[in-house]
Structure formats: structure tokens, C-alpha cells
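Worksheet: one structure, shown below.
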Amino acid sequence: MKNSIGTSVILTVFGESHGPAVGVVLDGLAPGLPVDENRIAESLARRRPCGPADTARVERDDFRIVSGVYQGRTTGTPLTILIPNENVRSGDYAAFEHIARPSHADYAAQQKYHGFQDPRGGGHFSGRITAGIVAAGAICRQALEAKGICVATHILRLGDVEDAPFTDVASEAASIEAKRFPLILDLEERAEAVILAAKAERDSVGGVIQTGIGGLPAGLGEPWFDSLEGVLARAVFAIGGIKGVEFGDGFGLAGLRGSRANDPFRLRDGRVVTETNRSGGINGGITNGMPVIFNMAVKPTPSISRVQRTVDFVEGKEVELELAGRHDPAIIRRICPVVTALVSVVLCDQLALRYGTDYLAQP
Amino acid sequence: MKNSIGTSVILTVFGESHGPAVGVVLDGLAPGLPVDENRIAESLARRRPCGPADTARVERDDFRIVSGVYQGRTTGTPLTILIPNENVRSGDYAAFEHIARPSHADYAAQQKYHGFQDPRGGGHFSGRITAGIVAAGAICRQALEAKGICVATHILRLGDVEDAPFTDVASEAASIEAKRFPLILDLEERAEAVILAAKAERDSVGGVIQTGIGGLPAGLGEPWFDSLEGVLARAVFAIGGIKGVEFGDGFGLAGLRGSRANDPFRLRDGRVVTETNRSGGINGGITNGMPVIFNMAVKPTPSISRVQRTVDFVEGKEVELELAGRHDPAIIRRICPVVTALVSVVLCDQLALRYGTDYLAQP
Amino acid sequence: MKNSIGTSVILTVFGESHGPAVGVVLDGLAPGLPVDENRIAESLARRRPCGPADTARVERDDFRIVSGVYQGRTTGTPLTILIPNENVRSGDYAAFEHIARPSHADYAAQQKYHGFQDPRGGGHFSGRITAGIVAAGAICRQALEAKGICVATHILRLGDVEDAPFTDVASEAASIEAKRFPLILDLEERAEAVILAAKAERDSVGGVIQTGIGGLPAGLGEPWFDSLEGVLARAVFAIGGIKGVEFGDGFGLAGLRGSRANDPFRLRDGRVVTETNRSGGINGGITNGMPVIFNMAVKPTPSISRVQRTVDFVEGKEVELELAGRHDPAIIRRICPVVTALVSVVLCDQLALRYGTDYLAQP
Amino acid sequence: MKNSIGTSVILTVFGESHGPAVGVVLDGLAPGLPVDENRIAESLARRRPCGPADTARVERDDFRIVSGVYQGRTTGTPLTILIPNENVRSGDYAAFEHIARPSHADYAAQQKYHGFQDPRGGGHFSGRITAGIVAAGAICRQALEAKGICVATHILRLGDVEDAPFTDVASEAASIEAKRFPLILDLEERAEAVILAAKAERDSVGGVIQTGIGGLPAGLGEPWFDSLEGVLARAVFAIGGIKGVEFGDGFGLAGLRGSRANDPFRLRDGRVVTETNRSGGINGGITNGMPVIFNMAVKPTPSISRVQRTVDFVEGKEVELELAGRHDPAIIRRICPVVTALVSVVLCDQLALRYGTDYLAQP
């Protein structure tokens, strides 16, 4: 499905960094869901660069709903959102159109698209595309909240800064989004300092982010191949900067014995729960009613201002590259709302598949 | 697609652990590919329990090709393989049919299937299903080899045993498969000792496995949502024991700066390569021509013989569970050929999508 | 999806006419549905040749459920049915393996599969595959009946014999299936005579069949591209002998003016109905609550015993062909239960998509 | 997939009749295909109302390519086209928002979308959406032409006017498109007279249209369920006015004996052809190298100005309806370029699946 994801609720992304607009089509949402443009704007604001730790390219993100909403509610037919590109400086890129920026998609895309891809600002592979995902996700997330389901994403590790893991997603979500950096603990200044230190050395940093989903019913996921782990992993690996996904204790489980790794089941007020949640809320690809928790490795932004060795793939020679342009020394702050949005879309799809197309709008 | 994966080459799995048979349908393979039943048998043998470190349930895996092969070659129409279940002792499971084995799919499946799932031996969620995947993968892997593409999986970490990472997939693949344990270095005895030590304490162990793909052309993968990372991750998360996936240096990248994490491009004999391969052969979701390398976290087998606390979800009470039955103290050895098989199927799909349905059989 | 159809309930077909078996995998059915093997056997019997008007190849159709059923009910995991091929006389086909039987798939398949297709008895393109569809459909149809939905198919036109169209699907379904020929009116002998007359002249006949669906709720179908018309048409065109599909008055509407073709809405006992049903129960691709009615053109069986002119596509020369083998002078009787079965599967998928995966098993 | 169609080349439609815009996303087209905006404009012009036989609502169709084209060629990433709605008179519809126009989607959509659908001008079910399809199809058709494949659609029957069937698609395509009415013979005035006669009586007319595809290679189509017949039928049934599809002689075959219906194979200049083409170029769901020919029944436009009996589905009472607004007395002229466009998209998908994603752009 290439640029589409989902079975009952289907998200399609389109656009290039320096083209007229980026956007999304969100097809299959239940009719009658409220569409709050303020929520969309807030989500976009959270993704937007907003200080010295981010890129200097700031877009206003004046999104426009082109279809699928009537009188403030979803119609049930495709919902299209367009976000024009305005603050574009393509000249920045002209100089190295044929030069493979290390660890960027340039060379791989050249091999795939034979030079016809739009090279300006990464073209279709730019993080700019995520603006549309965030807008779509804001609508889905609101629908999930009405069902008591909460999704949030925070920075778990950035340099030597270590945030607390999720323990109660809903309350921590509020705390995370009240801050300028998505963190549970009050570590904003230290986190920013890590990024600025890298920036000062014309370098970039990565980190680990964590998504929590509270309130999901047990029984979601369609093994073998639409296990919830598989579906979520496929979704988040769409984001270029993500290079690893682990559910629950993930790679930590690899070093444990079964007697330590297993989550004992208990009864709490007649409800089946697990004492620990090392499985991240998923057993055999199906939710078990505990919070779904997963971590993602975010690589450092590949655009750095230092001199790098690389090749000109048209001329066929080795060259040195010194990137000008406006770059994020870290995308980790901005990637959090994108993951939250994408996961919200995926969960709406899963719920619609399981409970029917009208479910999300039912009282 | 639930129990199916793929777009042009589509694998469907079916069966239950204690039902008459497990099997697969593999649809869309190019017509004319050789089907070597010895290769299939060898792959199944690699997955089979074979010593004190494995379960005592040994199946002969007398597979039977039911459709899609004529005169030793694929017809291009659905290829069905059936593997009867023979060595079945369902009585082992009768005692705890309503008791949620910790970190198994039992409870989640109960919530999803409302008690109608086949509980014997894990039913459809049993590792037994992977026998079919291995059989299908053997055919696909042979097709890949004819195109110069090599897939292999080994144990990277098991207790305190650490294998060498892939450096040259094709030659290491041969070395791995010549051993009784899938390892590059000569660490078989130490690896087995780790497992037997856990078994002696009625416990189990997990570990980290690594898959390498050599010889893939650059330009494979369909971002955003069919990025090769997303497609491979979705596939391997189908396997119940896998709880994490990382490409290249994965979570290791999260702690690096960009200047250390980026892979500089170079020319070698006129070919574009990268000096390092921290990206695992994939940039922006598309192969860059370097070996594709990814690691997976395998949790310890949840079936252990120790007393565990859990619940009876039909009676609605807390109970203690002491598993009899025949279990693997570690599935890490047996999971390697399964991942290799599944990845081989996925790659055949990707190649057919990119180069056409006949490509794999073209000389 | 090639040999699979459906989104939430997915049917996959496999097998060849003279291979070991044909079969189906039916994935995504609600858990807990009763599986009545007698119903399956009855449906298979209806498809089976049973007299001088049919082929002399009679299979016992000893189907075997290989997975997905436990204690007489669906488990919710893939349901696999295998039907062995027994009465096989491949020698009949050896003589003309490279000779394109006119209006058969032989030549087209040769171009697609480059000679690797199984040529015996039409291989994967044989009507034999429909046995599996009928078995799967029997389970689905029973599930629909529990929801008050009735599917039936009868011969509408055969030679100069013209049956009455559906007016009340449920009662007419009973009447149709009580007869040896699927007809509403008592025209069995005349219908058989048409076929025997053709047979006597070593020829074959086609006809028009009609499917009716009673009890479907309004609001089914997902325009634009999963309009119920599109979904049903795609399904039935899988059957080789069907060359046309029309909904309601179909091609008859083309000759009418709007004032005659429109179906006026009326209220009957507070329920919205249409006075006429020229639209066949579908407006804009969505059910309107009236019975869904559609007709299909069935071409005469292409296998006839007369001498035909054709080519040997391996030798590259024109030849004369005189078919021996055992053929149906008309498949129209046997195609009716196949269409009913396939439509039943499609409707289960549509209902599961709209109302959720558990819907069909809910009381 | 709801509003999307295709596997390798995927078309998604969005928009409402009276919303800001309609449009399409076309994903998966080969990179490097020329995009000629004049061709798109010409195709849109062919679909546009242009005389007394059409609706008075004339849109300028100022399409805008929002993504996927760079320097006049496809990039290989999603191609988005937006067509603003300008000449909108929503007031026309306010009066009967809750009144089911007979044989329109209003009531069925109400049942599906529970009143949240956009009712203005038919909302998402308006023929207006087809403008986007025509624009996308123009790009695909040009790509097909470069491969020697020609698609065209003409009116085969309209009232008592009967056009000649296709005999040589490429040359007849030119002739059809040179005329103001899509006809092979010089019957434009008679055709227009049929429509004007209906209009004079405040009525509408339907008809039969025929699509021909010349130059398709043999071997396309993926039985069972992606038979070319199934794929094409699913596509064209997306168009609301189409109520029947037949391939080759279609329903005419139902009345023939096999000896008359079969197409004998012959050799012509070493190439395998059929003497007749009653199968419409498809055997067993796969192309046989002959022109693919199929007819579609177009019902008369349901919007007529006569008084009609119907119901107010909100008030729950029977009412009389007299439609004002601007309607086509026949859409048959305008539907022809839509079918041609949609079929062109489907064929690009089929070719990309069979020969690979780059095929269409290869010289």
C-alpha cells in the first residue's frame, strides 16, 4: 500500500518538502466524530520548531480541511487535509542535488526513482510530511479519548538525561504536553542543554522515545501477521529517524530468565491484570488489557554542518560535503507528537476493524 | 490481512498445535522456480528439536505439497504445504485449559476469541505454525540464492555468550548452518551450557538474534508505510517470542552523535558503498545496496516448570500453576531458521513487486 | 490478492484439478459459529454432477476440515478445508497439452505461466476449485441465516426456458433447493431437455442465472471502490464461465427513461421501501434495504466434443481438436450453488467490516 | 480499501460536490513519466458539460497538481491533483435535504452515515468526483500509449441510436474523440436528439457504453479473484450510474451453444489470435492478446424534473418531490471519458504488478 496504512481506517500521505503542499487523506473514519480545528492546531504546534534546539525553518502550518468534514463533524467519507508549504528556501539544496548526504535517503531514493525524485529538502522523504500525519492523528486521538483511550509519547533517554517510564499514561500525558519538551519529569532544561551542546559542535543527537497507550481493551490485534506489535512497528518505522522498536522490556527481556521475564496474572477488583508489565501489554500479538508500552530508538539527525565525506552519485566521484541549510540538531522533541498521531490513527483502525465502522462515534 | 502477508507474493498460515495439520499457502511465486524437497526437509530439520536443550516433542515434519508444484517446479498458482501433527499429547494441557499461562497468549486469546479458540498446546498461537513458514521459506530462499541474495540468522547473544556480528553474510551463512547451533564463532558448547543451566533450574532463557541479507539491490522498499524496515518488522513480530527489532546499530544509534552515527559514502571499484553500516543497509526505508542487518530480542520461553502465580479466567480466581508438558527451555536456536524463512518470503514479495511477477524465475 | 478475497473475512483458494487436493482457507470468521458438516456435505452435493446433463466425472467430495474448528464451532483462526481429488483420469488430457482449447484459459495461462502451469484438467483454472468455495460458503451461509439473511441462486434463462425472477428470496430459496435443478418454477424437465438436446449434438449451452439476497440491512457497501456492486462483481467474475453481471434491471435500465427506471420510495409499516426494485437493492453502491438482486451471464461450457479449429502453441501450428474427456454440456446447474457460496462469503466479510469481527456470532 | 483501488498503482478519490475541492492521490506510478497538463485539460474538457444535452452547472476544472510531479515528470511518489469546486449553488439542495431522491444514494447514504454525510449536491456521491479520476487517468493513458496500449470508450446504444462496435480500437479512438459525442459512426445529431427529446419531457435517458483496449499483452490478470474481468468490473461499478458489465458478447453468450460461442484460435503472421472475439479478449480471467472489449449499462440519470413520489426519511412521511437544480438529462456522453480514465489507471496497476514498478517509464 506504499503511502497508505490501515484496513478499515486508512491514512494516505502525500507531498514534498518544497512542493506546494503536504497533506493526508484519512478514509473510513466513523461518521459524526467531532473535528476540533483547535486540537489540530495545538498538535501541529507541538510538532513545530520552537527554539534554539530546533531548525530555523518554521512553517505556520495553516492547514485546510478540503473534504470529509461537514458542519464540524466527520462525514464518514475521505477526510483530506492540506498544509501548504510556505517558508521554502530551495536554493539551500541546489548545490548538492547529486551529492548523497550520509545516512539520508538521497542515494537510496536515487536508486529507486532514477533521479526523478524531487530532491529539494528531501522531497517526499522530508520530515515535513509528518505535519499531515499530526493533523490526521489529532482527530483520531480525540476520538480515542472519547472512548477512554489515551496515547502519549515522551523522551525516555537523551544523552545522559533519563526520564521516568510511563506508569499511568493518562495523567502523565497531561504532564508531558504541558511542558515545552515532552518529558514526564522536570528535565526540560537538561534535555535542551544536551541538544545545544551538540549544536554548538555542529553535530546532532538521537535518543530513545517511549509511547504509552492507556485504556485499550484486551483482545485487539490479529495474529499472526497483524499482531498489534507488527502493526504498530510497521507504522512507526515509516518515520525515517526511527531505527528500533521494542515492546515492554524488549531487548531487556533477552537477558532475563523466564521466571523473571514472565508477568504473573492477578485479580484486582475482579479484573484480570498482570503484576508487572514486562510484555508491554501484548501477549501473542494481542492486547491483554494492560497499558501498551513501547520504546523507539531515534537516530541522531543525519544533517550536520560538519564536513562529511561522501560521493556525488551523478559524477561518480568522492567529494566532501558541508551542509548549509536549516536543520534540527535533534528531531527527538518533534518526533514525539508524530508518533502519538500515527499510533492514534492505527488504533482507530484496529478498533473499527474489531467493533465495526461506526464504533468510534457511538456514545 | 490477519494470517496473510505480502502484496505480490502472499503467504497465508493456518493450523493449530494439536489439530490434524499445520500449513501454508504461498501465492504469487513466479512460475518455473525449482522446488527441492530436500531443501525443505533440511530447513525443517534445522527448526526441529534435536537435543537436551530443546523440547521433548519431536515431530517428523512429513510435509506434503498439496498444490502449486508440477514436475518439480512452481506453477505460479497457489503453493500449499501441509504438515500433519503426529506427536500430540493433548492431555498435557487439559488440566489448565482455563488458566492463563503467564506471558503466553492464553488470556489475550480468551478475550479475543471468547473461549472458542483451540486451547490445546497454544492452538493457533503455537510455535508449531512456524513449521509451515519454514517450508515455504525454503523455496523462497532457494529462489533468492539464484539471484545472488543470501539470508541467514544466528544467535548474537545468549546469556554471557556473544557471537560475532555479520561481516560477510554469504560465507557466514554457510558456517552458521554447518553447526548444530546457529552461531558464527565456535561457541556451540557454551551456548548449550547456558540453556542447560536454565533448564536445570526449571527455567528458560532468551537472547538476541541477528539476521543478515547479502546481495540485495539498492532501491527496495516503498516508503512511507512499506519502508523495508516496516515490512520486515511487521513480518518478524508475527513470531510470538520476538519483542524488539532494531536495524543496523538500532538502539545503539540513540546514544551517538550524528558525526559518529552517519555512514559516509565511498566508491569501491566504481560502486557506491558506505564505509560503515550503522544504518543496517537501509536509508529512508529503502535499501542502499549494503547488507541489510537487523537484530531481534527474543524473550525467554514463557513455559517454565516452576510454580507460577496466575488466574483461572473462567473461575475468576487466583491460582498457582505448575506446568507439566514438554517445553523448550529456549527457542532461540529454533527461531533462527524461522526468521530466515519469513524474511525470505518477504524479500521474494519485495522483488516481485519491484521487478515483476516473473523476475525470480528469470535467468 | 490474487487467490484471496475479502478484507475482514478472507477466502483463499488453492489446488489443481488433478493434483492431490483442492481447498480453501477462510480467515477472520467470528469465533463460535456452528460448523455443521452435514450442511457442507449438502452444499457440495448440490454442486456435484448428478445425471445425464452433467459430466461423468463424479467426485465424492470427502472434505476434511484441517484447522479452525474446535468442538464443532469456529475458533476465529484460519479455517482450512481440504477436498481430495480422487476420480482423476489425467490421460484424457495428455494428448492435447499444448493445444489451446478454444475459449478455455489454456492459451492465456500459457502466456502467463510460460508452460509451468499444471495442464491436467485445466489445472488451477478448473471448476474443480469451486468445491472448496462451496464448502466455505456453506459455513458462511449458515451464519447469515442466523442473522435473517438469505442467499439463493437459480437459473433465470436456459435456452427457451424462462424461470420467474425472485420476489421473496427466503421462500423461493427453499423451493429452489428442493428441486434437482435450481429453478423457482416447475421447469426442471424442460431445463434438462435443453441441455440434453445440446449434448446430443455434442454441443453445450449457457444461460442466465440470478442471485437474490433477502434480509440485508441498508447501509452496506463502501463506495467508491468497494461499492457492493463492485465487490460482488469482482467475486463472481472469479468464476470462469461468468461473462456478465447486472444489478436489478441492469442492461434493461439502459433502454428506459428516468421516470420509468427510478424506484419511488414509500413507507410500509413505518419502514422505508421502494415500490419497484429496478435498482436491485443498491443505490450509489450502498444497500437500500430492499432485496439485492443480480443476474449473471453464463457462457456455454467451452469443452465440446465437436471438432474445433485451434492452434498448438508449442509447435506453433494450426490444428484440429476433438475433445474426449468427460465434460458438462452445461455448468449452469452446478454454478448456482457456487455463486451462492461465494456471495455468502462476501456478505460475511461486509457484515464483519461494518459491525465488527464478532458480529456474526452474536446472538 | 473503500476510496482506493489498485495494488501497485493505487488511486484514492476524495471530495464532495459542494466542498472546497475534489481530487485524487495516485500512488506508485513509475518515476519519470511525462505529465502533460494539456492532456489532462483536454480529458477534463471531454467530461465537461458542453451543450443543451448536459447540465447547466459548468465547472472550469482548474486542476492543480499538488505533489508527485517535478520538472514535468512523475517523481514516483504520490501524485495529488486538486480540482476546486467553484460553480456551486448549494441553495438548490437545501429544500430536500431529508428527502430521498428516487434511485439516488441519498437514502442508502443516510442509513450508512446516519445523517452526517454532506447532502449538498450528492456530497461524496456526486459525479463531480469523477473529475479527479479523469485527471489521473489522463496521465495513465499517456503512459499506456507510450507502450502501444490504447483505451477508448464510446456510446454503443442510446435510445434507438446504435453505434458500431469496436473493430480497431486505436483508429476508432481517434475518431471518437474528434467528435463532440463519443461515437464511432456519424450519429452525433441523432444521439443529441434522443437526449433533448427526453429533456423536453423533463425526463432522462440511459444507454449502453463500450470500452475497448487495444495492444494489451497476453497474460494479464491474476485469477481467481483478481481476474481481469473482476478487476475491471470492480473499478467501473464505482461509477454510480453503471448497473451492468459484460465482457465480449456477455449476455449474448448466454443464448448461444458452445460451438457458436467459442473463439477458434488461429495463427496470423506467426501470432496466435482468435478468429472471433466473443470472449472479449479474456479467457479464464487472463488476457489472450486480443482486444479487451466490454459493455456497460448506464441507467438514466435519476435526477429528473418531473414530480416523483418518495419519502422524507427524517420526518418519516411520504412526500412528492419536484427537483429544481441543474441536472444532466443523460450522463452517458460524460461517463465515457471517466470510464476510459479509470480503466487506464487499472491497466497501469496491472502492468506494474506484472512487469515491475519501473516498467511504464522504461523505453
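Annotations
Letters are used for the chains, namely A, B, C and D, taken in the order the chains are written, and counting of residues starts over at 1 for each.
What we mean here is this: a contact is a pair of C-beta atoms (placed from the backbone, for glycine too) under 8 Å apart; a residue touches a chain by one contact, two chains touch by 3 or more.
Quantities reported herein were computed from a predicted structural model and do not represent experimental measurements.
The interface formed by C-D recurs in A-B: of the pairs listed in A-B, B-D or B-C, only this one shares over half of its residue-numbered contact pairs with it. The chain pair A-C and the chain pair A-D differ in C-beta contact count, and the higher one is A-D. If each chain is reduced to the centroid of its CA atoms, subunit A and subunit D end up 38 Å from each other.
The mean-CA centres of subunit A and subunit C are about 45 angstrom from one another, to the nearest whole unit.
Residue positions of subunit A with contacts to 2 or more other chains are 1-4, 7, 13, 28, 112, 124, 222, 358. Taken as a graph of touching chains, this assembly is complete, with every chain in contact with every other. Subunit C makes touch with subunit B in their complex at residues 1-4, 10, 12-16, 19-23, 25, 27-28, 31-32, 64, 66-68, 70, 73-80, 82, 112-118, 123-124, 358, 361.
Across the interface of their complex, subunit B is touched by residues 1-5, 7, 13, 100, 102-109, 111-112, 124-125, 129, 157, 159, 198, 201, 203-208, 217-227, 229-231, 233-235, 237-238, 240, 242-259, 261-267, 270, 272, 274-275, 278-280, 282-289, 297-304, 306, 308-311, 313, 316-318 of subunit A.
Of all residues in subunit D, only 7-8, 28, 222, 353-359 touch subunit B in the complex they form.
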